[in-house]
Every structure is written in C-alpha cells, then in structure tokens.
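Per-chain numbering from 1; labels A, B, C and D assigned in written order.
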Amino acid sequence: MERGKNSQQVISGPPPVKLVNRETKPEGTIVNVQGIQIGSSEVVVMAGPCAVENREQLLAIARAVQASGGKILRGGAFKPRTSPYSFTGLKEEGLKLLATVRQETGLPVVTEVMDTRQVEMVCRYADILQVGSRNMQNFALLEEVGQCNIPVLLKRGMSATIKEFLFAAEYILKHGNQQVILCERGIRTFETSTRYTLDLNAVPMLKKLSHLPVIVDPSHGTGHWWMVPWLAKAAVAVGADGLLVEVHYKPEEALSDGPQCLRPDKFDSMMQEINKVARAVGRKISIPKPIHELSNSTV
Amino acid sequence: MERGKNSQQVISGPPPVKLVNRETKPEGTIVNVQGIQIGSSEVVVMAGPCAVENREQLLAIARAVQASGGKILRGGAFKPRTSPYSFTGLKEEGLKLLATVRQETGLPVVTEVMDTRQVEMVCRYADILQVGSRNMQNFALLEEVGQCNIPVLLKRGMSATIKEFLFAAEYILKHGNQQVILCERGIRTFETSTRYTLDLNAVPMLKKLSHLPVIVDPSHGTGHWWMVPWLAKAAVAVGADGLLVEVHYKPEEALSDGPQCLRPDKFDSMMQEINKVARAVGRKISIPKPIHELSNSTV
Amino acid sequence: MERGKNSQQVISGPPPVKLVNRETKPEGTIVNVQGIQIGSSEVVVMAGPCAVENREQLLAIARAVQASGGKILRGGAFKPRTSPYSFTGLKEEGLKLLATVRQETGLPVVTEVMDTRQVEMVCRYADILQVGSRNMQNFALLEEVGQCNIPVLLKRGMSATIKEFLFAAEYILKHGNQQVILCERGIRTFETSTRYTLDLNAVPMLKKLSHLPVIVDPSHGTGHWWMVPWLAKAAVAVGADGLLVEVHYKPEEALSDGPQCLRPDKFDSMMQEINKVARAVGRKISIPKPIHELSNSTV
Amino acid sequence: MERGKNSQQVISGPPPVKLVNRETKPEGTIVNVQGIQIGSSEVVVMAGPCAVENREQLLAIARAVQASGGKILRGGAFKPRTSPYSFTGLKEEGLKLLATVRQETGLPVVTEVMDTRQVEMVCRYADILQVGSRNMQNFALLEEVGQCNIPVLLKRGMSATIKEFLFAAEYILKHGNQQVILCERGIRTFETSTRYTLDLNAVPMLKKLSHLPVIVDPSHGTGHWWMVPWLAKAAVAVGADGLLVEVHYKPEEALSDGPQCLRPDKFDSMMQEINKVARAVGRKISIPKPIHELSNSTV
C-alpha cells in the first residue's frame, strides 16, 4: 500500500529494444537505395534544397549536387513549419518535380512524409521516405511507413533520448520494414548561438547499440551555413555513414531555411574536404572527378 | 554575397502569432464543454485513468472523480507509447466505454487522438479532443482538429518553447476551431529525479500572450503521485484555469503510468486542498459536498 | 579486461547524502536568524535590492520591505556578473551600509560571499551568508562557509540536479555548519521567454529528501517583475518555507537586474496575496498592519 | 511607469566581449607552453590521469603518454567532487609529484586550481593552470589567474552559453593574462546515455568569435572510454587546436572517473588515428615514432 519508499526513483522505462538491437543482429545493416549502399564503407551524401520550389531550381541544384559527388537528392514537398503562415511546400506538385528531376539526373530522391494519409502517395514518387524530427514519436506514422517497401530515413526528435530514438525505429521494423536509416539532426539545449546542438556523441552510441546505419544533418544541427563543412568533417570522422545537407543557389531567397543552406561552390569544397577525412578514417566518397571539374567552370 | 557578418546571430523566427494573441482579443476565451466553462472563475478539474482498461475500472474511477468535484473524465483509448511492446489502448472499444460511462455519470469526456484518420471517429465519442505532447507539431493533425466542431486540449510539446506552443494553437484556430485549451504538462530538462519539469512559469506567460485558457497536468509533469497534490496547489495559485490529473484505484496494476496516478482518496484530499487555494486567489471549485461525504464512506 | 559490456550504462553516482538526508533526521530543521525561524509554519520573506547602491536607496527599500512584512533584508555587496564590465558591487562599503541599515531597521541581513578570502569579512556584517548559483560547486567556498557560525543560504546551481544540490549542502554540514537554507532559483532550460525556468517541483522533492528548509527566488527564476507575484504564490502553495525577492524603487535605474525587480507597491500587494495563499495551505505570514497602512501613504 | 509592454522580451545581455573578440585581434593567439605552441598547425594532446594518485602511477602514465605523442601531462592534485566523501586529491603532495615527473620526462604540466588561496602555490608547480567547469563563473578565481604569468586552460561551464564562456575568458584577459586556452568539455542536456553532450558546434563558433585557441575534452564530454577515440577524431576534424584526454593503466582502480579513462594502448591507437585525421584537415601531430615502437613492446 505504501508507495512512498521508492518515490524518488526515476520511473524505469520499458525493456530494451529488440529488432534494432545490435545484439540481435551483430553485423551492420546496409540499406540499399537504387544500388547505393548506406552503411557500407562509402560515406553517402544526400543533398538538395530544403523545399522544392520549382523545376529550374531543383534541376540546377540536383546537377550541382551530383557533380560534386552527392548521391541522393533531398527536397521537401511537404514542409513542417512552426508557423501556419510560412511556406509549407508544393505538396504533390513538388513530388512530381522530384520525380522528373530524378529521371533527368538518375539521382534517387529522399523526401518527407508528414501524415499517414500521404504515405501511399509519397511512396509513388520517393526512393526514401523521411520521417521528420517533429514526427519521431508520431506512432501512427511510424506504423504506416513500417508497412512500406521503401527505406525510411528517421530523424531524431529534437529532444529524444537515444533510447527513445531507437524505440521509434523499433516501431518501423516491428511493422515489417527493415530498411531504416537513423539521422542525428541536432538536439535542443540551452545554447542559443546555434539553432540546435548537433550531438555527435549519438553516432558511436547509436552504432554500438544498433545495427542500423547512421547519418548526420549538419545543416539543421547548426543553423549556420558556414558551420556545415566543419561539422560535416566531424560527422565523417566520428563514424557517420552519410550526410544530409541543404544546398541552394540563392540561400537569401530560399523559401525555407536559407541561413543554413550552402551554395553549390561551398558544397563542392566541402565534398573535397570530407573526402580527405573519409579516407583518413578508412572510408571513401566517390566524387565524379571530370564532371566536377566541368561544374567548377560553369557554376 | 557575404553572409558571414550576421552568422553568429540566432536565426530569427517567424512573425508573431495572430489569432491566439491576446492583443487581437484582449478578453479571455472561455471554452464551453457541455455547460462547463473553462477559462472562467471556476478551476475545472479533469481526471481519470491514464488508459481506459475496462468498464468497471472506468465507471468506478469516474464516479469517484465526480464525487470529489472532478467535472470532466479523462481516459486514453489511443495511447502513444515509447515502446511498440507496451499497451497502446483499447482503440474504438475504449471510446465506446468512455461514451457509456459519460451517459451513466453525465461527465463529459476528454480523450486523445493520434492520427488524422481517427479524428472523425474520436469526434463521435469525445467532448474534447486531446492532442498529445508528442504530436504538438504534427501539423496535419492540428489542421484536422482545426476543422472539428468540438474543443481541443493541446498539450505543450516536451521541448516546445512558449512561442512554438502558441504557433501550434494558431494552426488550430486558423483552420476554424476557436475552442482551444492549452495544457502545460512538463518539459524535458537535465533533471532526472522527476519525470519531466513542470514549468509553472508557462502559465502566467501563456495567459499574458494569449487569450486561450491554460490548464496544468501535474501527473505527467512530475511522474510521482505524491507530488501531484503539491504541484496542483501551485498550479491553481499561479493562475491555471484547470487541472488534468490521473486517478486509478490500483495504480500498481495500471496498464500505463501507474507511478503517477493518485488513488481516489488522495484525489479527494487534493480537491479539498486546491479548493482552499482557489478561494485564496479569488477562484473556486464546486465540490458536490453530500456526494463527497457519501463517497468517502464507500471508497 | 573487457569493459564494453556496460558501456551504455550511465556512470553511477556517489552514495547518497548522509547529513542532509531526512532519513537521518526526520524532523525538519529550523534555521534561526535573530529570532526569525526559517522552516517553521511562518513563510519568511527576504527582500531588497539586487545590489546595494547607496545608503538612501537601501534604507528606503528596507523600510518598505519591513512595512509590507518582509523579515530579512537582502542586498548584494559582492555581485557575480557575467561581464567584467558590469557593476560588481560596493564590496566592503556595501557591507557597511547593510550593517547600518540593519541597525536602523532591525532587519537581519543576507548577502552573498563569492570568495574564500572574503568569508571572514562578510561574516562580520551578515546574518546569513549567501552562496550564489554560480558557486554552488565552488567546493573550497562550501568548506569555508561550513566552518562559520552563521546560517548559509545555498542557491541551487542553474544546471544542478537535486542530487548535486543536496551534495553541495552536505559539504557545508560536514564541515560543521548545520544551519543551511536551500534556495531554488530557476534552472537553465531551452525556454527563452523567461530568464530561467523556476523549478517548483524541486520544493516538495527537496523537502522529501532532506530536513533542510527550502525557499524560492521568483525574481531570478523568471526574470520578469510582473511574473514574480504569480510564482511567489505558487511557491507558497507548493510548500516553500520562504521567498527571496528583489525590490527596488526605480527598477529602470537599478545597477543590476532591474527588469526583475518589484516596486515597493507591487511588493506590498504581493505580500497581501501570498498571505492568503499561505493561510490556505496552513501557514502564515505576519504582516505589520499599522506600519503597512502608514507606508502605503508615504510611498 | 508601465513596464509591461516589453515584459515578454528576453532580458538583453551585456555588450559584446572586447579583448577575446576576434574582431579586436584577427590573427589567432598562440599560447606558448615551454616551447609547445597551442593554436598553431600542430594539434596538441594533453593527457594523463584524472587524479594524481602516486609517483609510480603518474610516471608510468606520463611515459606512455609521451611515447604516444602526448605533449603535456594532465593530472589533478585538487579534485572538485560532487560528494564530500569522494577522493579529493593529494593536494600539495600531488603538485610535488607532478613537478617531479615533469623533471623526469620533460613534459609540461596542466593541473587544476580551485580556490583563490591556492593560486600562488599551484603556480609554483604548474605550467598551465586549469580552471574547471564548475568554477567557470567563479569570478574571484578568474581575476586571480588573470594576474598570473602562466597560461590558463579555461573549461566551459557545463551549462554555460558560448557567450558566457567568452565573458569568463574576458575576465582573465582583462586582468592582464592573455594566455588563455578555451576547452569544450561537454554540456548538460536531457540525454542520459552519455555523461555530458560534447558540443562540437562550439569549436568553430568559438574560433569565429574569438582569437583564442580551443581544445576539446572527449573524456568528460562522453564519460565512456570507448567513445573517446571517436570524439577525439571528430574534434580534430572540426578544428580543435588540441585535446585533453584521461589515461590510466588500471581504469577500474582509478580513484576518480575510471569509466572514462583510456588505457595506454588504446591511447596509442587513438593518437595514430587522430594523426591521420589531423593530416586530412591540414594539421599534424608529432608522434615520436621510435619511442612509440619501443613503448609498444614494453607496455
């Protein structure tokens, strides 16, 4: 009857994860996206605009990303925004633009899905479904993408513990989808000079506890374009399997997140730099040299 | 071209909220739930089990809640749970039990909706739709409940700033539903001796910035049943328009959140105590005295 | 040899506190300051300017504080400031002013000590030594005040857990001084609309774990003068044994922390309000009525 | 008279730093410690036990550190400990051991000073004075080390913003000492799987805002020995000028912080790895190859 005795104890959580646990599956999972292997020795860079704005914008950025060694195109058609008065994306029109640009460039596409009712539609256009930070514990959505046949990029909630993050992934695996990529994107702390605090401790910790590949988003994690290359190098050094980076030709005109977007020339320099770090830690990035030299002269 | 100059600045946010802003509507909004006025001089207590488990449990708790002065019955039919292996609620069966008990007791019902596809169904059974902390920025869900004709209880995200919280409410009002109740339920901090840190600063700040009523959930906010009456008193003193409290006859057997549930006798004492505090700050709680005395002898 | 197995565990902390533990001493400690009992049924209010500025300022504020029921005068002679270019206090001259005003009003004085080398000097003038938030783990200072014969008001570090806070107090008791008052003054969180997040959960938790009296500082805890009365009422409702409040006649000219200082008339209203809450929770505040009426006409 | 209008504003802080500001001194400061240049192209590694325990322990670790390329010996003689019942260091005896081992190995020594009264004594033995995280805003101590003639290693407070960290350094420079090394050592967040959250965003941000060299402590920043090499690589990649690492022969017997100490063989592997990363980002670490090979066979 007396429950007071243990009342200063922290409430103990649920039992440990199963399906995402590395003890269950010691070898690392490799997520295959149209032949690109995430979780292999190659560091895979996904880049593109925060939001899909129009065909010209998207195609130009996609070509630049590809020329510099980016392997997957990111771009939001459905945009979660703090204010209902901000631009919230082109919706299905944006998805169609992504599909068009994929066809023209051959780059697979990762894009966000925000609502269970959109999952089927987004699946028709995307190569990877992104579940955003604010939806990491939208359990209905996790269950729905868990029933899809395409990979899921799951972003860590901005105040989710490592444990909660892994449980969110567990929801997806439990519903049948084993192709999950974890993404550290910055956590909320007291610090205000950066948008979030990119938590690179999370990378080795996630890889120790789980067999799933782990990528890092230095754009949201810092909120400042000039910091992105620095944190991208750190992410590669700390063992990330890939990066998610925002690129835009005219960041000051971007409809979303301009201050954290890299211009293509800066993105290209960043790719050169992280390639060196990747090699220093026994990994690599395949950069299409000739096209890259070409792109340098045209950008 | 040079963006470096301002780069140490924090990214400025969106323009201020409009519809929820007290400057737009200086007098406080009163949300009317079957004649119960939330935002009036009466402090409205909503109480019940974390999860609906069965008819007997729910009815017994509802009668106890009512006897002690609780005005609205809370109970989860859809339960967001960190682990996919935890009990996730009775779903529609739970909603039906809530409706039955409402009929028997006359208590209006508040219950959570987690998915846009469930909104219509939950509306058929509930008097107030609850949007949980983990869905505070599930914008698709906000838009959907914004189109409903029944009040919405919006819980603050566990790491949402006051500003983000108000923007989430703005989504609902912008879609047509003006009947929104804000609920502070504890934020995530470094402290580990409590489940969350109930942020009572939020109450006067929200009431200054917005005309919407504000209630407090001391059960989730602390995670310890013995702390609930203390923080409930503080919440009333700091100006809360209501409370959301978990009550269970056998907390140690509760399928969810047992350690933070009050037993009915403790809930009854709490109601007596907060009534005194309410009167000290110029408010009141109407406690049905005779029934209360009766319930004391039967519990 | 293999240490990897437990590596995901959180490093376990030191064994529990002893001397400050309520299990060691079940009855609450009452700290006696010139006949004023902190930890008794009376809620003791300590108030005054953030920094001692001059004799006129200090005396006028002291008389107003006293007239409204304040029992102890607060005022900083040594001020910890984030920037070395801010006003850092009048030093010993400030202590002398405090002593003078104490003599004129009879109000005991609480003032901060920041350096082990100042302890002896501050002891000559003060009735309570304050150890500030930034020095909560200045262990040399804790040991030094632990050897003094006058009470110590220990403020919680802005990111100290309850456990660390109690260990800091343990340092003082272990060195011989049993007269310690714990003070919750706001913790650092992600929220930016308030200066800190006043953690009222801490009050019942500290009182459960320890026998030491607990007071609350709503001025630093919120950073906004208009919030102070609200949080003061909540602090009394949640069980605080006292309050520490900043009062200034001209907050806009204060050399430190103006935006969080109450004017004497607002302080007086606050005292009336918290008195009602105190009585609602079985405590009291003795307000000198006639003097108060007099002060109302002169201020 | 009406101050309410701006009351939802965050209290604005003090004006920007001056002496530590990179705008005041665009070229980076190089701190010279017995010929070792911190802030140059070389990444300087400081390593050793958390606490000095005895001569044998210290000398053995120092030789291992040196053999692997460590340039400065760290070791605590005065240990700030959360609990007064933990080992708090050998005090002056520990300083003497550090001086002896310095003489035998030629390694300069960095050690913590916790109290203004100890500064003179510690100066007699140390090559760098360390001000710990818990004392980052012990302003009396900052002023005192600001008057010393030897370099100061200033650790970021566990909940200090970048701005507050720079202001703490400003105190030291303002009092005359220009030789300050900033050290990121992990901040306090909600995450519990690591001891702290090492904030690598801080490195480029500090280097942008200030001319002072910046080093990183991955031992405290993670709390797990196996994570240290990962975060050390990331720290070098993100631009750190040095590292502070805990090394112990028998971590399980260490009197302080064992779980985060590297064994010498792991430290040696780490040095090889970070050397590769350093070269990839245009920097270097001078590792005494022959001695290193020798040490491999003897350890």
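The working rule: contacts are C-beta pairs under 8 Å (C-beta built on N, C-alpha and C of every residue); 3 or more make two chains touch, one makes a residue touch a chain.
Everything numeric in this text was worked out from a predicted model, so none of it was measured.
Any chain that touches chain B and also touches chain D is listed here: A, C. Among the remaining chains, D is positioned farthest from chain B, on the basis of C-alpha centroids.
Chain B and chain C, compared by their mean Cα positions, are separated by 33 Å. Residues of chain B in contact with two or more other chains: 7-8, 159, 163, 188-190, 192-193, 205, 208, 226-227.
For chain D in complex with chain C, the touching residues are 3-4, 7-8, 10-11, 13-15, 17-18, 80-86, 88, 114-118, 134-135, 137-141, 158-159, 163-164, 167, 170-171, 174, 188, 192-193, 195, 223-227, 251-252, 259-260.
Within the complex, the chain D residues that touch chain A are 159, 161-163, 187, 189-194, 197-205, 208, 221-222, 226-227, 230-231, 233-239, 273, 276-277, 279-281.
For chain A in complex with chain C, the residues that touch the partner chain are 7-8, 159, 188-190, 192, 205, 208-209.
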